[in-house]
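To start, the structure under review is shown below, and the notes come after it.
As written, the chains take the letters A, B, C and D, and residue 1 is the first residue of each chain.
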Amino acid sequence: MLDKNGIAKRIAREVKDGYFVNLGIGIPTLVANFVREDIEVEFQSENGVLGMGPFPFEGEEDADIINAGKQTITTLPGASFFDSALSFAMIRGKHVDLTILGAMEVSENGDIANWKIPGKMVKGMGGAMDLVASAENIIVAMMHTNKRGASKILKKCTLPITGLGCVKKIVTNLAVLDVTPEGFQLIERAPGVSVEEIKNATEGNLIIKGEIPEMKIA
Amino acid sequence: MINKKINSVEEAVAGVTDNMTLMLGGFGLCGIPENAIAELVKLGAKNLTCISNNAGVDDFGLGLLLQQRQIKKMISSYVGENDEFERQMLSGELDVELTPQGTLAEKCRAAQAGFPAFYTPAGYGTEVAEGKESREFNGKMYILEKAFEADFAFVKAWKGDEAGNLIFKGTARNFNPCMCGAAKITVAEVEELVPAGELDPNQIHIPGIFVQRIFQGAHYEKRIEQRTVRQR
Amino acid sequence: MLDKNGIAKRIAREVKDGYFVNLGIGIPTLVANFVREDIEVEFQSENGVLGMGPFPFEGEEDADIINAGKQTITTLPGASFFDSALSFAMIRGKHVDLTILGAMEVSENGDIANWKIPGKMVKGMGGAMDLVASAENIIVAMMHTNKRGASKILKKCTLPITGLGCVKKIVTNLAVLDVTPEGFQLIERAPGVSVEEIKNATEGNLIIKGEIPEMKIA
Amino acid sequence: MINKKINSVEEAVAGVTDNMTLMLGGFGLCGIPENAIAELVKLGAKNLTCISNNAGVDDFGLGLLLQQRQIKKMISSYVGENDEFERQMLSGELDVELTPQGTLAEKCRAAQAGFPAFYTPAGYGTEVAEGKESREFNGKMYILEKAFEADFAFVKAWKGDEAGNLIFKGTARNFNPCMCGAAKITVAEVEELVPAGELDPNQIHIPGIFVQRIFQGAHYEKRIEQRTVRQR
């Protein structure tokens, strides 16, 4: 079973040389820590920066330079700042190659729910609806089940939808799944997790073809 | 050169009255019009509709207007980090219209640029699309979103000149440029106001034609919401 | 009767302090020469400049700094450059206060035709259709009649339209006319021109109320 | 940093084939991609559709492609100052789609920003509106215009860096920024190409994400169409 860093490590392997990547808040943010150092990747944050670097050293924070999570950041050579309209031109115009998001639920057909729980305080969708409606390559980072053990990988989302039919791949604490027209195809098992355990934790249609390898996240 | 300079923050908010719709730049507490907000609190105008990506924190940014119960409705993409906001929303005192962030930016830009409406894929198939037209283009579904209509836009820039030209810094740019000229009157506050001719005409982010009033803010706190650092 | 400079001089009196003005090619360009020196006006050119100044001195031309007529220009303090999308945001978004255009024909209801003569080489509308569709304050500078003496101030345009119901005021070699719901209201006569001459040169409905003063263009 | 630098003008036009749609920046001869145009002439691709505000003059700019009969169709707002253009158009060899200038810019920007279509008042009631949907918003009529679809965009900037970031100069900016990222592949040529990190991140007009290839042009003639001066 993977912890949050494990999920981030596995997703980092999906980040390819030359990719512009938008990372959501939470586990996705951790992905930046694990991207191979021999490839070139640029991180976009929808509040208006391309070419984000690591967090600043103490004392070097600049209130005018933050990411979408409102954290102080730095920029790398080649970075640029821009306004919100141009930022979403990048997103809506499909110039961002990979979007990594957290989710509360994902359904068989790739619907995602990650912005609202009825009855709870709703903070808003931020840029998530724009991202999921536009991105052609969306990977979701999430726990396979909720705290009560119920599956979050569903036939149909029960929570209000963020976007329809948009998720391509899911990396959970238990498995890597591809979203296919037939359902969730099991691609890899987390270390020490059996196919049976994944089956039990998945409410949506799970497709198992041949031997399922254990994932490598070294 | 048409001079847009005003000499006091009182002039900045002159004309703001109850029931108006205001746009306010900023993302979180980054790049917000601190001086105009403080003066709007003093002015006391009530029943305001505020278009702003976020709603500040309890004791800063738009949170200050919320404390005084001056806001009737917020149009935002994300409204966390604010207990008073939550209380007013849950009690029904405050109306909240959540809008996808890119749609929010484009509704400003549409108003600025004279487009009445636009089609965006964001929100199709979700609650956001309820009551809105949808339409297919090239096999993909889009919803029709309308341009905002606002009375005042309050924006904050880094540098400006007396002609109203603006230059922003870092991610404090965010929604500020999109809001310039998107309301009937745009009021810009800047950290440094210089005479016309001192800014490079190639490097102006927002030309002065989009700005009706400009002033140098007396003080900027520039509070950091999530101070995050790494070890040396 | 006015010459081109006379028309420009008369139109210059319509330019008020604090106006952002877009000048079309031809007579409108001349207006800049006659604007009062004690008022502040900024000229916008739709190819991407605000705050245009006079033509450069010989040897100081910059190929990268031109107006919409492709003439080399200079800029004044407070000027800015921008792209075509933002330039038409200024125009479509009604941020430009006054637009001065030439025309081949204007009709009673304010329609304007100034881009195409069927059978002749059509060069294109450039920014004229955007300007006339958006501007709230359009003044047309034109000759009252064509070279054969036929009126260009018509009941209905005969040439392909550039925009509908948009012209507010016309300054010709003979007269100043306001476009009103009832027709062309005669406001001023050009020096030495009689109301009768104007009547004869105007095909559209001409409204004459009371004494019509001779225009002052000193 | 993702390196967008290419080492020759041959690489700049690699992939351009017959029947493609190209966007080309510039207003008149100001800010045109001179080096890419010269190389497109050498390449000889035919039946091209060119989206460009103007069509050059007889012996410069897009006029060079017209001379070689490489252009099947021009989409422009104004096409004067070109005898060969006129000859081909009147003889029916060349198809011309005249588009209002602001609409032309926005059709580029819509493609860049992922908007399938937009409503503009420009052209309503004119020949331009023929065959297009029209619609009323707030008592005013608008027509629906579609985003462009293009294979290549060739743009020209003043300075650029290896990450593809661009800075334009003066009115040579014009349509160039709107075309970046509006085609499948955007090729930028610059007068000065610097390593990433040398340009101020605040002062970049077009971020590198919109540019796939960048190179420093070998030579710029920058011809002036209407040299106009005043007396000293």
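Assume a residue touches a chain if its C-beta (ideal position, glycine included) is under 8 Å from a C-beta of that chain, and two chains touch if they have at least 3 such contacts.
All values derive from a computational prediction rather than experimental measurement.
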Each chain counted as touching chain C and chain D at once: B
Chain whose mean Cα position lies farthest from chain B: C
Whole-Å separation of chain centres (CA-atom averages), chain A against chain D: 36
Chain centre separation (chain A, chain B; CA means) in Å: 29
Centroid distance [mean C-alpha coordinates] between chain D and chain B, Å: 33
Interface hub residues of chain A, defined as touching at least two other chains: 49, 81-82, 85, 88, 91-92, 134
Interface hub residues of chain D, defined as touching at least two other chains: 109, 114-115, 120-121, 168-170, 201-202
Chain contact graph, described as a line, ring, star, complete graph or other shape: other
Interchain pairs in contact, sorted by label: A-B, A-D, B-C, B-D, C-D
List of chain B residues in touch with chain C within their complex: 1-3, 109, 111-115, 161-163, 165, 181, 195-197, 201-202, 204, 207-210
Chain C to chain B touching residues, read off their complex: 18-20, 40-42, 44, 49-51, 75-82, 85-86, 88-96, 134
Partner chain D, residues of chain C touching it in the complex: 45-49, 54-58, 60-73, 81-85, 87-88, 91-92, 111, 116, 121-130, 133-134, 160-164
In the complex with chain C, residue positions of chain D that touch it: 27-31, 53, 76-80, 86, 89-90, 98, 100-106, 108-109, 120-128, 158, 168-178, 205, 222-232
Complex contacts: residues of chain B adjacent to chain D: 114-121, 137-138, 140, 142, 146, 167-170, 201-203
